[in-house]
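Some structures are shown below for you to check.
Across the two complexes that follow, subunit A remains constant while its partner is subunit B and subsequently subunit C.
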Partner chain A sequence: MAKRKDNTSPAITKRIKERDAKTLGKLVGLAQSVSKSALSGREPKVEIPTRTKSNTLWNKKRGILEMGDASSDRELFNLNQAKQFMQTMLHASTIKDLIEREKTSSLRGVFYKAKHTVAGTKENTFDRQEESDPILEDLEVTLGSLREELHVFAENRGSMVGNITVTDKGDDIDCRRMGSGGYAMPSIVEPDIIQFKKCEAKFVLHVEKGTVWNRFNEDRFWEEHNCILTHGAGQPPRGCRRLLQRLNQELKLPIICLLDCDPWGHYIYSVIKQGSISLAFESSRLAIPEARFLGIRAKDYDECDLGDSVKIDLTENDIKRANEIAAYPWFESNKQWQREIKGMLDNGFKMEVESLITKDISYVTEEYVPQRLKAKDWLE
Partner chain B sequence: MSKKGRRMDAPEVLTPPAPSVASRREADAGDDAARTKRGSPAKVTAETMATKQRDISVSEFFAKNRHLLGFDNPRKALLTTVKEAVDNSLDACEEASILPDITVVIEDLQPDRAAGAKASRYRITVVDNGPGIVRKQVENVFGRLLFGSKFHRLKMSRGQQGIGISAAGMYGLITTGKPMTIQTRPSATKQAHHIELAMNTKTNRAEVTVDEETDDFPLQRLRSLSQARELGDAFLSQGDYPTGTSVTIELEAKYQRGRGSVDEFLELTAIANPHARITLVRPTRITDEEEDAPLIRKGPRAEGRGVSEAEGATGADAASGTTPADAAPPAMTQDLGSIVVFPRAVNELPPETKEIQPHPKGIELGILLQMMKDFEASDRGGTLYTFLQEKFCRVSAGTAADFCKAIGATSRTKVSDIEPAQTELLFKEFQDSKLPPPPTDCLAPIGVQQLLKGMFKGVRAEFYAASSREANVYRGRPFLIETAIAFGGELPTEDTSRVIRFANRVPLLFQQSACSSFKAVSETNWKNYDLQQPRGSVPVGPLVIMIHMASVWVPFTSESKEAIADYDEIRKEMKLALMECGRKLGTYLRKRAKMKREAERRDIFERYIGEVAQAVAAVDGSDAKKVYDALLAQAKKRTAIADLQLDDEGKKVQEEDPADQEGVIVVEPTPDELAAKTAGQTARKPSGIRTKDEDEPALMDVEPVKRLSAKGKAKRERGATKSDKDSKAGKAEKPEARGAGRAASRDDLSDIPGTKQTKAEAAALTINAAQRSGEKIEKPRLRLDPKTGKMRPADDGPKLF
Partner chain C sequence: MAKRKDNTSPAITKRIKERDAKTLGKLVGLAQSVSKSALSGREPKVEIPTRTKSNTLWNKKRGILEMGDASSDRELFNLNQAKQFMQTMLHASTIKDLIEREKTSSLRGVFYKAKHTVAGTKENTFDRQEESDPILEDLEVTLGSLREELHVFAENRGSMVGNITVTDKGDDIDCRRMGSGGYAMPSIVEPDIIQFKKCEAKFVLHVEKGTVWNRFNEDRFWEEHNCILTHGAGQPPRGCRRLLQRLNQELKLPIICLLDCDPWGHYIYSVIKQGSISLAFESSRLAIPEARFLGIRAKDYDECDLGDSVKIDLTENDIKRANEIAAYPWFESNKQWQREIKGMLDNGFKMEVESLITKDISYVTEEYVPQRLKAKDWLE
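Up next, the complex of A and B:
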């Protein structure tokens, strides 16, 4: 398909050009380090910052997770790394191609572009996308370039409605008029793609799943309470988190999360609030230390007078996970959260947001959330 | 076995068929008499019973109990007959210092029998080039049970009781009525005797029905057999058989290949007797109701890989057959379909064995009493003092005096004056005494090199190891254990490994699980050597395990001599020998696994370099070819460095090459074979035959096929000094090789009390033609394909050993 002329402003276009040139320069530098080592008889290697828990630091002051300084060498002449080394180089070349041709590609597209059989064998360079994605993340941290700078994006996930108008690649999107589906939050939501045009909303309500989000949208919750309503389809992807962070940072909107009362929900909150381990290098762009946890709370079973049908037994794994979360440095010193997790463990069961439907179909939108918001009964 | 007793005159006959016409008539009469007797309902009294109580002749006993001698069924009868004849031939040849050349011909006398016939009539002829038998002894040797040179002495030999060949003749007579035919030429310049013998079971005597002199030896009839046509004049040539004996027996039997067959027996015999050349002519028609049990080596070769090849082989073999001494040592068995040639692999005879006196600790009270009685009879007035010294080994004058003193006798006390109580005391003294173990020069081990050559000849594997233990003692009888293993190659990988057992070089084909050796194999922990082994069982894998027990008296579990009795001492020695071989195999397997890993690593690097070079070039615009070459150079250097193992101090560790171990052969596939493999051809070209179309049969011209250990040099000198008289065969090119194999066994066991540790008596193998001619072998460069695990040639790949 012919390239559609977009409405991006010339200033932004110019900025993108500059940014691409910079990324290209980094890519060439990476390749040159390899070819120069090869030609001068040194072993080619790439220094890659380590993306593991051990290299993740908790910045208490900023309230976010940060990546440490540790890095490891990826060597060609190392049995365990040879293939990854090759894959890294293949992706570098793929990305260079994308940038030069001013195209973007999905993660899966990049996987396919670099996937072929190794010359003279029946072995594939990549067998599954799960192999390819971490290599791209490695490249991000190695080059110090974010995903969008590499012209790679993930699948769109998560939706948004509410009292806000955004400009997406020059097109104005009125999020008040998105019907039942909402505005699909793109994978890349950087200021050069999306700008906030007009916003009346006073806060953002982020719910865990599309089903819950539908309930709120159908009940026009965002209209009544003048907010923005988002969901991240479970663990929110980078695009969703980045957009929430921008809403929080640029428009100073509080982010209020409505998640399940289970370790998974707690972990989603943790990621939204202080970032994740594997993407610690992007925490400063993604983490929202001010995010609040509205519910579901362990106390709700009694407080809302819920029936036994809402209970889902905690599995052994859940208990283990809950204890791990309780031990996170950012939760460890948080008495509220210690109480909350202990409450759940004492209950011995989990509760999903949807379970509030046992009270009434619109109990969650008409009573539960409004009451809690009014009482400012949330965890931080 | 019991001794013959007195004979009574009562005419009742216990065995139906009688041999000669005359004796048959007698027998008939006897039958009649018996019938009339049974017919009358006379009251049984002690007197009437006494008329029936009578002596049983040994022959009669065995005629009835033929299964005790291995004639249980037609198939086994055939095997036993061949086995007894071949054993006798080998023993005779060796005693006369002749390199054995034995031809076994099985003629089908009912080729047009019905397809489902349980048995058929065969004529078995076994011809050897032994010393022949003097005329007057023929009847005794072939016509009497329990007559032989081997029973009364303690000497290592194949046969022991002297039952075998006579029993076979008797079986033939019973089943076909045809007497046994013997031809023997004791002197090359004289005519041969042609004798036909029928055995009288009652008298345990043979009756001669024909006795002629003839020039027809070896039999012209055999030489004109159609099956043997391929071998031409070389088959049974008079030149090869200047003297010798041929035994012909007609019998009801069944020829069938597979486990427990004549083929297997000869195949195994050839392995344990690499100095013998054995030719088997199969019958024209083969009963093939059952599937062939997998013999050691019925590989592609046996499937008849084209007539042209077989013919090529024949010609060459004929050439080497005329001059057996010139046969290339690492000979390979040739299966030509109707005829199989097991060539000679070594040109030295096994060392001559000595007869020994019994060891005091090895006899029983009854035997001691009998010995004293015999001594009394032969040497009236002989003293106990002399008796002890003369009739026992390891009893010195001093020891004899001590014994006399211990039982209250003096050195002048006569044997006849010894009281039974004193004898018992003497027996007890024997048991408690601290005597040196019996001498071991009565044992002739096959020897490490000969074992290897024998296995190499008979088994197509990639790795061979052998070990020969020093002699040990059970029940006062010296014995010696040798083991060999063959691994890999064309052996089946999924099956349990094959255990082949030998006692005094005779293969044991039946009752495997009752045999001490089998238990020893099961009890050995093969997992230590990187082999799979189900609990309490033999290991699984492409493995053939050979166990040989040499002894002056092999303790069989039964008269049919099929399993070795389970003495702790024997089993322990077997396990130690197996472990020795196992360790060598383990070293090889670990090396092989390491090679595979290294090849994989190199492969991985080289595989990815191309991709890396292209990707890098695409990004920074460098020259992909240059980057590739640079990286490839690094990869090679890099793996070369990685190949070097560094020890704790950071110095290079010289890796032990499994092929440098003592008593080991490692076969490397030839580049041709590799090419054939990669080309997807299933059939491996039998290298032994392949080169036959060239001028010389020299098997070793396919040189990269193998490499032999050249260790054990230290042992050589010692062996050489002792081997002078061993080389009496005159053909021995390298007497030291053989001498070294014996060196240990000649040592007195008293030198090494409680011997635990043994050294593999390995000597330099001289098989390698290239080595012999002083050339260095260019080893094929191979690389393991990491996917298939197979080797394939590579210019730059790692060398396999």
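Up next, the complex of A and C:
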């Protein structure tokens, strides 16, 4: 079996081993409690915290979504739960294997690893990945370990450039010298994989799309304004959100978002800031309550003297989504945001960051963002 | 107006200026021919090569799809063509602006730049981006310039690691020291943006998905097998295809593809190898006739002793697509490929690269690919 031969330092390797030992301990604890029950003639079961909207609480003080205390038992001797019980044990076993062998796997890989026909029956352990991913989330909450700590990753998405050097598995990556492509943000960005080595940047500008990111990188915005430039290719994946949160918490960098003026842009901001309902159990590791929304704003059509070509009519679904988002507790109690969403609905149209090109190719990098930054004109 | 201040060397900057001057010359030539016609009382028109299946030829000797000689006139004084004529002129003007200001723009940016209501009418120049992109392709073929030479980019997608140093806008990027994330491949990878500086790698392993790429990078496959590792996040975008072609043509590296055993995987291979019908006019800059298909193969279910859990039933649409692909001229005359597609159809199921995890987490990196490489067991 080949061993990883990357450039991770001995000190970090030690930290990884300690963290993995802790996760393994929890896994073995889970297995032991099940086997103890069985051996002593009691029903084998696992207590799993409930990941539903009703068990999701808005912690106003912390400014994030959190999971409540509700939980339920998953029992082997219960016809409705036996399959899920078995699935939970299968995934726990795969994760133990991954950790022991110092490897990671994708969500799909974990699904395949557990998928088979139960011997002597025609019953499959899993039929579709959609059954498998929630079982992994159950394990996350049951063990109190992030998916990343369980050695499971999702797709990589998003890139980064700017005035920072990060160390990734022992390799120093100078994000000031990444050309036009940038550093591809990995899916697992925990402190044992990524360390921040040297950072002059004073803030992070996070944009929605790679095409907008290209405009800012080509104009060397990050150099002129001493910042870090990131994008998440739409709704940012966990790796991107976690890296932004670490930049905010560990380096105290403000996270400033440039997203579209539409319900999708508002939702992306909401997830970056407060977390999502489906992943409420890990908001404290992902959410950035201090994140700011610089634009595009509903007022920009008038304030920037834009032409009609920037308008995209709101659909009925957009209007429905906008009202749903306005009713989120963190937006509901925020007058600025109530005005913003009402402004968009009153306009009757949405606007994309890319439409600012109608003013000038580099209007967004040379005027729009610099002016708003200087005036501290953003939503929180 | 801010100037680009990247690290591009003076020699390369000179080359960019020469190339841009050439493209500008062609654009001005196009405009002059239109205005000359108008001033001399003739009908203003542009001759545009035809981008249809019927004007796409399979060049067996070169092993790529090519565009035929057919073309058609686009006239101003023709009710059916006037709008497209105007759209063509608008985009030509945007591109002239981009080149003169040494900036690039996204497809969507170009669309916005040209989108407006014609003064004194209720007619829009463009309503949707779907109208705009084909006009840009018309300009590409009319001018004989790649979209990249017209300063227009698409989304960035895909990443790279391995035994190569590339220079990207003057920044040296050591792909041996890119940690777990890798170098994000940009959309424009022409020789004036990206140069190959130092390369020990003997081949390129191109995989379909980022999750598979992660497995190979984590196992440091590129180090052990002295290669470059790339992925294109599914169907690789133009930037990724062009970079693979340059690695093949300029550095003489074999391009070895690891894709799923399904019609989608076969189609991705077909596009990498021979080009696509819609972009036949640029096959000579994108296609890689020497590209090889290492797997997953229909025979692997038996040969690798895989379990039933790897099987995904072929849908009716899969069967239809498989037969269409088998009828492509380059596959039709290729006995190996006829057997391969028939093998998949006879199996009745498809298989994904990720399903090899059912053998072992690192079976794909430690056994499957090394064995096939050693045996030169691939399709061409």
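Basically, the second predicted complex is superposed on the first by the 355 of 380 C-alpha atoms of A that agree within 3 Å, B and C clash if a C-alpha of one lies under 4 Å from a C-alpha of the other, contacts with A are read in each partner's own complex, and residues count from 1 in each chain.
Throughout what follows, a contact is a pair of C-beta atoms (placed from the backbone, for glycine too) under 8 Å apart; a residue touches a chain by one contact, two chains touch by 3 or more.
If you're wondering where the values come from, they're calculated on a predicted model, not measured in any experiment.
Student: Between subunit B and subunit C, pick out the one touching the greater number of residues of subunit A.
Tutor: Looking at subunit A, the partner in contact with more of its residues is C.
Student: For A:G182 in the superposed arrangement: first (subunit B), second (subunit C), both or neither?
Tutor: The answer is second: A:G182 touches subunit C but not subunit B.
Student: So in the superposed three-chain picture, is A:S309 touching just subunit B, just subunit C, both, or none of them (first/second/both/neither)?
Tutor: second
Student: Between subunit B and subunit C, whom does A:G120 touch in the aligned arrangement: first, second, both, or neither?
Tutor: first
Student: Let me test your reading of the model: by the given contact rule, A:L98 touches which partner, first (subunit B), second (subunit C), both or neither?
Tutor: In the superposition, A:L98 contacts subunit C only.
Student: For A:V28, select first, second, both or neither according to whether it touches subunit B, subunit C, the two together, or no partner.
Tutor: first
Student: Shared contact residues on subunit A for subunit B and subunit C?
Tutor: 97
Student: Considering the complex alone, what residue numbers of subunit A touch subunit B?
Tutor: Residue list for subunit A touching subunit B: 27-28, 30-32, 34-35, 38-39, 41, 43-44, 76-77, 79, 82-83, 85-86, 89-90, 92-93, 96-97, 118-121, 123, 125.
Student: Give every residue of subunit B touching subunit A within the complex, in rising order.
Tutor: Interface residues on the subunit B side: 601, 604-605, 607-620, 622, 626-627, 630-631, 633-635, 638.
Student: Under the stated contact criterion, what part of subunit C meets subunit A in this complex?
Tutor: Against subunit A, the touching part of subunit C is residues 1-2, 4-7, 97-98, 101, 103-109, 112-113, 115-117, 124, 153-157, 159, 166-173, 177-188, 193-194, 209-215, 218-220, 223-224, 233, 307-310, 352, 354-355, 357-358, 361-362, 366.
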